[in-house]
Amino acid sequence: MSGSVYGNLFKVSTWGESHGRGIGVVVDGCPAGLPLCEEDIQIFLDRRKPGQSKYTTPRKEDDAVEILSGVFEGKTTGTPISLVVYNKSQRSGDYSEIASYYRPGHADLTYDIKYGFRDYRGGGRSSGRETIGRVAAGAIASKILAEIGVSICTYTKSIGPIEADMDKFDESAISQNPLYMPDSDAAEKAGVFLETCMKEHDSSGGIIECIIRNMPAGIGDPAFDKLDACLAKALMSIGAVKAVEIGDGMEAARHRGSVNNDPYSYAADGSILKTANRSGGILGGISDGSDIVLRAAFKPTPSIAKLQPTVNKDGENIEVSIKGRHDPIIVPRAVVVVESMAAITLLDLLFSGMTSRLDSVVRFFSK
Amino acid sequence: MSGSVYGNLFKVSTWGESHGRGIGVVVDGCPAGLPLCEEDIQIFLDRRKPGQSKYTTPRKEDDAVEILSGVFEGKTTGTPISLVVYNKSQRSGDYSEIASYYRPGHADLTYDIKYGFRDYRGGGRSSGRETIGRVAAGAIASKILAEIGVSICTYTKSIGPIEADMDKFDESAISQNPLYMPDSDAAEKAGVFLETCMKEHDSSGGIIECIIRNMPAGIGDPAFDKLDACLAKALMSIGAVKAVEIGDGMEAARHRGSVNNDPYSYAADGSILKTANRSGGILGGISDGSDIVLRAAFKPTPSIAKLQPTVNKDGENIEVSIKGRHDPIIVPRAVVVVESMAAITLLDLLFSGMTSRLDSVVRFFSK
Amino acid sequence: MSGSVYGNLFKVSTWGESHGRGIGVVVDGCPAGLPLCEEDIQIFLDRRKPGQSKYTTPRKEDDAVEILSGVFEGKTTGTPISLVVYNKSQRSGDYSEIASYYRPGHADLTYDIKYGFRDYRGGGRSSGRETIGRVAAGAIASKILAEIGVSICTYTKSIGPIEADMDKFDESAISQNPLYMPDSDAAEKAGVFLETCMKEHDSSGGIIECIIRNMPAGIGDPAFDKLDACLAKALMSIGAVKAVEIGDGMEAARHRGSVNNDPYSYAADGSILKTANRSGGILGGISDGSDIVLRAAFKPTPSIAKLQPTVNKDGENIEVSIKGRHDPIIVPRAVVVVESMAAITLLDLLFSGMTSRLDSVVRFFSK
Amino acid sequence: MSGSVYGNLFKVSTWGESHGRGIGVVVDGCPAGLPLCEEDIQIFLDRRKPGQSKYTTPRKEDDAVEILSGVFEGKTTGTPISLVVYNKSQRSGDYSEIASYYRPGHADLTYDIKYGFRDYRGGGRSSGRETIGRVAAGAIASKILAEIGVSICTYTKSIGPIEADMDKFDESAISQNPLYMPDSDAAEKAGVFLETCMKEHDSSGGIIECIIRNMPAGIGDPAFDKLDACLAKALMSIGAVKAVEIGDGMEAARHRGSVNNDPYSYAADGSILKTANRSGGILGGISDGSDIVLRAAFKPTPSIAKLQPTVNKDGENIEVSIKGRHDPIIVPRAVVVVESMAAITLLDLLFSGMTSRLDSVVRFFSK
């Protein structure tokens, strides 16, 4: 029944509930010799914190990470790295009423059915705080990817009906607006839209897009551990994700083959280029050397103050308004979560890709 | 580098290339006592064969399956079940030219990069014939699911721009038209559309939808082996899939929370119903007892006779028209592949779900 | 390269080095509803502490365990259980010299080669303190096994040349002597022997034996996850173990078939008994319902004050006397480690055994 | 419940029963570019065939292997390699009586309990013929190991009370006597001993030893996937194995630390040598560069013509003499099985060892 261990050669075991004593992760399989300190991880964690804009609730969660093992004299030892963030600002009082009913759109009912009971405080393990472990591990994976030259650019592509204009794609804008959109005009419009949602005690969904650059070609293990298949699982496992797309995604279903195929041509230096990238950088489940483009669609935050019909545990149909400290949208906070899951997955498949060819393996063990 | 073993308690190891001696699968973890014969599996395999309508190429592939182990006196023994389909009608001659260039939209280039060379005949392991193993295993999984009461209804939801009208959803129509659409009018229009594609030496993509009924609630193992995450990987691993959706999918990103949440209410018999199902039957990564709805978007068949720019292995930019026996659309043949991957995944998670609660485990082992 | 995650449905991820900030484990897959508190785990951990007799060194290690997640209102939630023991009494000063040379019999050299460098303080991850995580997880597994009726009796069978007399096997004696031997006379003799070792600045090895009672028959998954194979890996993974035996073990190689086979006969109540148990309760890799008997041989503690030849990192052959706080024998402290690894393994295979028969699976999912 | 898939990066899925249609294996994760043909594998399989000496029964089993996938133009493609041996000379008639009772020392009863029924012909999946798949996979693994320079020397160390004299160890003798002993005098004495067994309608056990040379140092993944732990599981999973030893094995339990520790010293060329090898080449679960020495103890063949007490399925205590074609000893035929399981395990850990150090990983992916 275990489901909290992810990966093969780079294994990530997350643990922790929103109102338990802490949340953390054990990273097993990080190669020895990587310089690593708490700050490397804190930078990533800070990107998921609430209270960073008026569009997220003013909860204060310091979420300071501590490294408990696996690092010696500033470098990873190759042994498991245990990271923990102690829960400090979680208030049980806010959630006491929730124990009596099932919140629509949350996992209250499914957890109750699966386990027989649930930790009703703030969602327990199904809480968004569970992503702390993923992001901490993602920080480490990203650091290793950087050593190999791989980079990931992640951003909010749309919020509700407001989409970033990809013709005006501005990477520097991402970190300059609290919604992490690569188009400041769209960010402004989205801000207005969110204020409307908040006034109406409602919430919104959105789409996060991710561009992976300089991924070595040849990575992905057919037939089941294809790069796109693994990325799909990684992103879909993030709470609130309801769809994953690679390249043209759903749109590809409407295309003709003559349009959808990415043509090849030789560049001046003899390397093979693609003159389009509708495939999103993956063919046959294997990276082809061009940018890998993927997308995750997030449903709106389920917790809203607007009245909703539901049931309580006494057999009654009721209506609830979910009080408390909730975001009208989680997408900006989830950008680093998508990036982290992508990083962990890419690294794991890079590792297993090292054994694809006999000549590479023999060369590795010679001298 | 292994990537051809799928699953945990119900393990599926597929093997075989389009022009090798055969294609097959080993199913490990099938419980003992299931009645099983070749015909049970042949029924599933026959649904993926080409040459079943004018919209697929007239290749004859008998694909008769043989059971080599794991069945005794008509029932599974609990030991591995080895299934094989010998390749009979694969003609090497058709593909000899392909060795000299990379076909756009295929895995030719990525396989060459990953492995250093490739079996260029018909796509080798990246060929659609690789799905024979998946479907054979899916037939077995489906039989077990049926014993538990779970059923899967899979169909073509759209072909190119032609969509089935879900208000006129007619399950009986699925098996009555060669495109497996649940709307005979749409099937007719889609047929006309495909004939246009064929005339233009082009191909089309499409979307397959899948409804899973009577899945026990409480199945799925957070945080990484969530039911939706595992299904996403299962479907995305099928060749040509570029997106996977659960419930409202990409659309959920445009919703408000008040619209997207599925409200609960009590039925007369005291059970908890949902009055909508935008979540697609999964919340928090766990089945909630309502229908599970998912979708896979297929890109168009890459092999088209229309001229396409590409490169050959001698450093030249060329144009090719891919001759040979190719389908203008693979979606109808892929319906049973989607169903099979879903079946295998559901079964594996049902198995691991048996250990979620201590009381169930203790009861299992008491006399 | 990950190697610190053990198990399948009951997954155990250990972490921590002797001189890091703590040592712990994440248990993933513990069914929901098990009553659990720190005391349940502390009882197990206390059995591995040093300083409990004159035959172990007087290091004080309080090793108080803390539960950081996975338990709510006194019962497991079914989510990952994170356990930690903070290192308090580890003194770096004692080990500074060790950085300059390789201790014979330790993993200093192999860790240096594998990782490029090592945490030289007290053995780092190769330290016996790493077993804290295993034992904590074993406490949880044992509690679940108890609910199923399975019990494990573990003890020191021999120390150096002194063997417990199995004809005088006295289970109550185990907890009454500091060497955990089931024969108080042997325990006395072994004590005298150990005092000789200590005077000579030397150490001794020993054998631990383990009897598992009431294990349901039919558990173990051929061909590779056989019960004995999994137990062998579990025990051999414990530091200092150099051999694992099932039933008659090495002795079976000297037998005739007529002697070695365990005959069957019917008991009065119609159940099938074995009139001997040379097989140790496992046939064909599957439990047969009788007592499972296994043994692990521990080499002597490598750290001794006696002068030993070795090399330092400056290219010189030297002689060292390893000062510091070391046990002349680790076997008594390892008894609970063997028991824990056995418990974890038995539980994991009991879980996977739930899917062996279709009728059981169908019954499980019916109302 | 699956248990027939072994390994991680080099995955081996075996299938087949003694009286099914065939026996085989799918090897997933073999790097591309390895020259491979049926003969490479047949050489290994021929070493396990019966009827090769008067000490094994005169069954004729041609066991010709066929490669069904994964090889193109004489080299592995990196895709799964499916190997099959069709059962030709298995006679059902010989075993019809066995259906009615449980043979002592066999897995008849445990399989019946686990699965609810069994394929009673010749042991079904528990038959020694199951090792065909292991050996076929071992042939491939050995070929890759040879490319890396690793070699495995395996032989019969003892048969019943007759032991090979290691002071007269003669590697060339191994292939020159039908018992595969590295001491021709011992082989002669063992032959006499076996003839006695045969006259008495009895059987004997024995010990197989294995020396692995030139294994790179630093291989093995603590804490659970240690090299010795994985080898222990690999060997213990072979039918009839009751104990596994590394280095001094059980004997280490009787040693003092001053005797058991392997001292280090520098060789003239600056490399670190051990002047003894009681550890068997593994320290802290990691290879240290010296010869790896391990041992498996095999119990005697359970099927003997001598009368044995047992029970039948009608509730009666009976006596049986197991007729048919059985070996008085299986050890000589198991030598290649031990070698194969060792090869597969070593290769899998060599693969995962490639990610131990960041500098190696970075170097691997740089142009």
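Residue numbering begins at 1 within each chain, and the chains themselves are lettered A, B, C and D in the order written.
Assume contacts are C-beta pairs under 8 Å (C-beta built on N, C-alpha and C of every residue); 3 or more make two chains touch, one makes a residue touch a chain.
These are the chains along with the protein names UniProt gives them: A, B, C, D = Chorismate synthase.
From a predicted model like this one, the values you see are computed outputs, not experimental measurements.
On a Cα centroid basis, the chain most remote from chain C in this structure is B. Taking B-C and A-B together, the chain pair joined by more C-beta contacts is A-B. In this assembly, the C-alpha centroid of chain B lies 45 Å from the C-alpha centroid of chain C.
With centres set at the average Cα position, the gap from chain A to chain C is 38 Å. The geometric centre of chain A is 26 Å away from that of chain B, both derived from CA atoms. The multi-chain contact residues of chain A, meaning those touching 2 or more other chains, are 1-5, 8-10, 14, 29, 31-33, 78-79, 114-116, 125, 222, 351-352, 354-357, 359. Of all residues in chain A, only 8-10, 29, 31-34, 76, 78-79, 144, 147-149, 216, 222, 350-352, 354-362, 364-365 touch chain D in the complex they form. Every residue of chain D that touches chain C in the complex is listed here, in rising order: 1-6, 14, 102, 104-107, 109-111, 113-116, 125-126, 130, 134, 158, 160-161, 197, 200, 202-207, 217-226, 228-237, 239, 241-266, 270, 272, 275, 278-280, 282-289, 297-304, 306, 308-311, 315-317, 352-357, 359. Contacts from chain B toward chain D in the complex involve residues 1-5, 7-11, 13-17, 20-24, 26, 28-29, 31-33, 66-70, 72, 75, 77-82, 84, 114-119, 124-125, 351.
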